[in-house]
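In what comes next, chain A is part of two complexes: it sits with chain B in the first one and with chain C in the second one.
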Partner chain A sequence: MANSFYIDLSLKFPDPYGSEVSPVYFKKNITEALCQLFGEVSSAVDIDLLKFDKEGRRGILRVPKSHYVKLRSSLTLASRYEGTVCCYIIHKVSPFLLGLQGDSRNYNH
Partner chain B sequence: MLSPEIFNFPAPESLFQVEKFEGKVPLNNQNINNFHYNHLVTIIIPDSAKLEQLNEKVTQDCSYYKILGLKLEDLVSLKFICGFIRSGKLSLLSIDRRIDCDTCFGLDPYGQLLVTVDKETYQSLGLEGSISHFTRKLKNHFTITVDLADEKLIKNTSRLSKLKTCLGRLEKCSVIVTWKPPNEDICPSSIAKYFSDLGYVVKQCTPNFRRHTVYSKVPDFDLGSIDVTNAKEFAEWLGFVSIDGDFQEDPSGYLSSYVVPSATGVAKKIDCLQWRGFFTATDIKEMIEQIIKTTNLANLPWISIYIQGFSDSPVSWTNEEQHYYTNGDNGYIIIFNKENGLFCIQKCSRKRYKDVNKYK
Partner chain C sequence: MIKTTGFYDLCIQESLFTSLLTNNDLIESLKSLHNFGYRTIAVNQSIDDGNIEVGKKKKKREPRETQDIVPVPFNLKRIQDVVAQLQLENFVVLNRLTVFFSHQEALHKITKSTNYKKFHIIAAAPTTMPAFTFTCTSLEADIFSFNPENKFNMRLNRKHYNLLIDRGFHFELLYSAAIQDSTKRKNLIHASHLFHAFGKSKNIIFSSGAENFMYIRSPYDIINLGFIFGLSELQCKSAVFHCPSKVVLNSVGRRHGKAVMFVENIESEKEDVIMLQESEGEDMETDQPRQKKTKI
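Up next, the complex of A and B:
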């Protein structure tokens, strides 16, 4: 996909040792959040989970540019993961996948 | 129920440009020379064995200093201007600041002090500046440029003293600084001693190095005839390698539909080396030279070098202002082999100056 956005995000629970999250359920929850806010057509968009870290519940998503704003707003409003309270933290977003490997804003010199 | 289209905001625009070259990497290229505040360098090399000493060779002169709580007025003393700004090449950048809401400043190797401030700070400073190009309607950000290498400034003591008073109104800020002396007899750490003698806490920093290896099929693009779409796909694949993504194809296609573009043959070993810190344009050129010397270009299909700038530097290329409310990702990739190569330039916004010459 030439025109894509890449989102580096993690899933947080009130209990840091909360539920174990598999990549399939992580993506399912994101798709559900999109469906809840924008309906079935939007939830049919190709979202790719390029990388997922089980321990940190952190992943990198690829989404078409046309649906980036919708996905971002869905993630902001998403509050449930399999019945448990949760929220998504967006670490960085870039239209360039190479840009996600480091952010000068969080770097400790 | 299918939702009606009541919410359709466009995604932020960015710019991706491709420039080709033939022969050796043009180290005097303006994309390298005019990009002064570099934060991250990533090298991706397929199937190379000579990488063991690359880290030491590449970063041997790349240490820099962090100064805590710097008062900006200390940059305009006569001793500092004559000893460091007009002699050698000094690069300095504010850190732990956000360009969207804080005062950010930088000093480039040509002695230009660039400060971006909000409206309230600008009005309290008493320095002449201009409205930021990107907030002309709102008029809430201002940029101030002072040429500290200007001969007239040094001779005019009253102007220098006024400048010192005005900059003294800005709050203290931590900075990172690097100085290349005019000749080899002078130690680059003189800058650290200067600030240490002034009573500042100075910390020496070295680039942070990380390396990983992935096994993947390699895109088979001809660098001589590659078009923008293919270059984007290549850059995406390089990004996939750099984040250490999962290259195993998902048979169900549910998690990811990503496939390596134009891939042929079997999976190969790909090395990814990454340095993070503070690099000047001169450092970058020396790094590229070292990489070319260390690796054997004749045996490699290509080498890629990705350079990313600081998100909160006051300028990106030359004197082009940094954009507000973006991720600040400005950078470029150089992909080359022994015959030819290409520069892929990524800018974090598509907004550009209408009259480019005015801001040069």
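Up next, the complex of A and C:
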């Protein structure tokens, strides 16, 4: 079984043309959210930002299996990006990177 | 009979919809609610029993003025029109009333009000211990709620918890408060851990309680969030799916008295108007004639 989870997520602002987000700041914001809810030790875990699309503010994260629930719940409770209101939308989660390519959840017969 | 499917968000504040002035905003927000997976939502209005006492004094001065304490239910017409326009399937919008009260005297006035009966779902949020015991013993409502701004100060025990469960109550946790600031988050986690300690987190439901659209999260996020509120994997799922559906079913039961039976004539080609009758038994003479309804 895979040891890590891949999360496909995007950052949403109330204003669609909100501030520009760089990959470094995106990652920093995620680590901050984790730190705020679970403290220093939990935020020291290896989280990797594999891909990031600046225009759509959408990226793919890799997180160890043991910290997936913690990371996801801190993303749910995160509401600030550099002082402005924001929210993270998680599109897909999979233990395999290929699994992000497609799933049956939105399948229409 | 209301037919609902999951996922449920049984508390979206009225102010969220009143703040959406243009139709485009409303369309956008309903679309994204639908995309998140929500199929049943309830628009919440709250009344506080502190304001009612002011109303009482006024009435003494002007006895002629008969003003209803309970607000008129939020008009769902605008939302339903947009739902029909977008052709969202199985999307149901309900009215819900949250009553914050500290004395049972004021509550009596509220429950006798005519507007009170128009709400689909009733949530009780007692603020004092006597009010809490009254809720446990004799109040007819569907949801037990509390304000996450204040610390959960009820002395909960297993007996009260089980009493509420037996009477069909569900315990509500408003997650948008946890997103807003850390004090509310602490209060919420405290309360949810009390529910876990005294009642094994039975009959818990999650709803947003959001006043801003940015505070609504997808149901799968909420299922995951349930872990930090002390729920098991199965309870997390049922907190956004099975338990709220039971709330809606129970609320139909509560509004119609002891026994609910709907008799509908489905063959529409013979009669244009489908009559809906209810057999209520002993409750018939005590309740109002509005229980006979015509429904299509």
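To be clear about the criterion, the second predicted complex is superposed on the first by the 100 of 109 C-alpha atoms of A that agree within 3 Å, B and C clash if a C-alpha of one lies under 4 Å from a C-alpha of the other, contacts with A are read in each partner's own complex, and residues count from 1 in each chain.
In the analysis below, contacts are C-beta pairs under 8 Å (C-beta built on N, C-alpha and C of every residue); 3 or more make two chains touch, one makes a residue touch a chain.
These numbers were taken from a predicted model, which means no experiment stands behind them.
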{"item": "Which partner reaches more residues of chain A (counting touched residues only), chain B or chain C", "value": "B"}
{"item": "Touched partner set for A:V69, first chain B, second chain C, both or neither", "value": "both"}
{"item": "Partner chain(s) touched by A:S79 [first = chain B, second = chain C, both, neither]", "value": "second"}
{"item": "Those residues of chain A which chain B touches in one complex and chain C touches in the other", "value": "69, 73"}
{"item": "Chain A residues within the chain C interface of the complex", "value": "12, 14, 36, 69, 72-73, 75-79, 85-87, 89-90"}
{"item": "Complex contacts: residues of chain A adjacent to chain B", "value": "1-2, 4-6, 23-24, 27, 38-42, 46, 48-52, 60, 62, 65-66, 68-70, 73, 92-105, 107, 109"}
{"item": "Interface residues, chain B side, partner chain A - complex", "value": "1-3, 7, 9-12, 14, 16, 39-40, 42, 66, 95, 98, 176, 203, 205, 229, 232-233, 235-236, 238-240, 242-246, 254-258, 274, 276-278, 306, 308-312, 327-329, 331, 333, 346"}
{"item": "Residue numbers on chain C that touch chain A, as the complex places them", "value": "178-180, 182, 185, 212-215, 217-218, 220-222, 224-225, 227-228"}
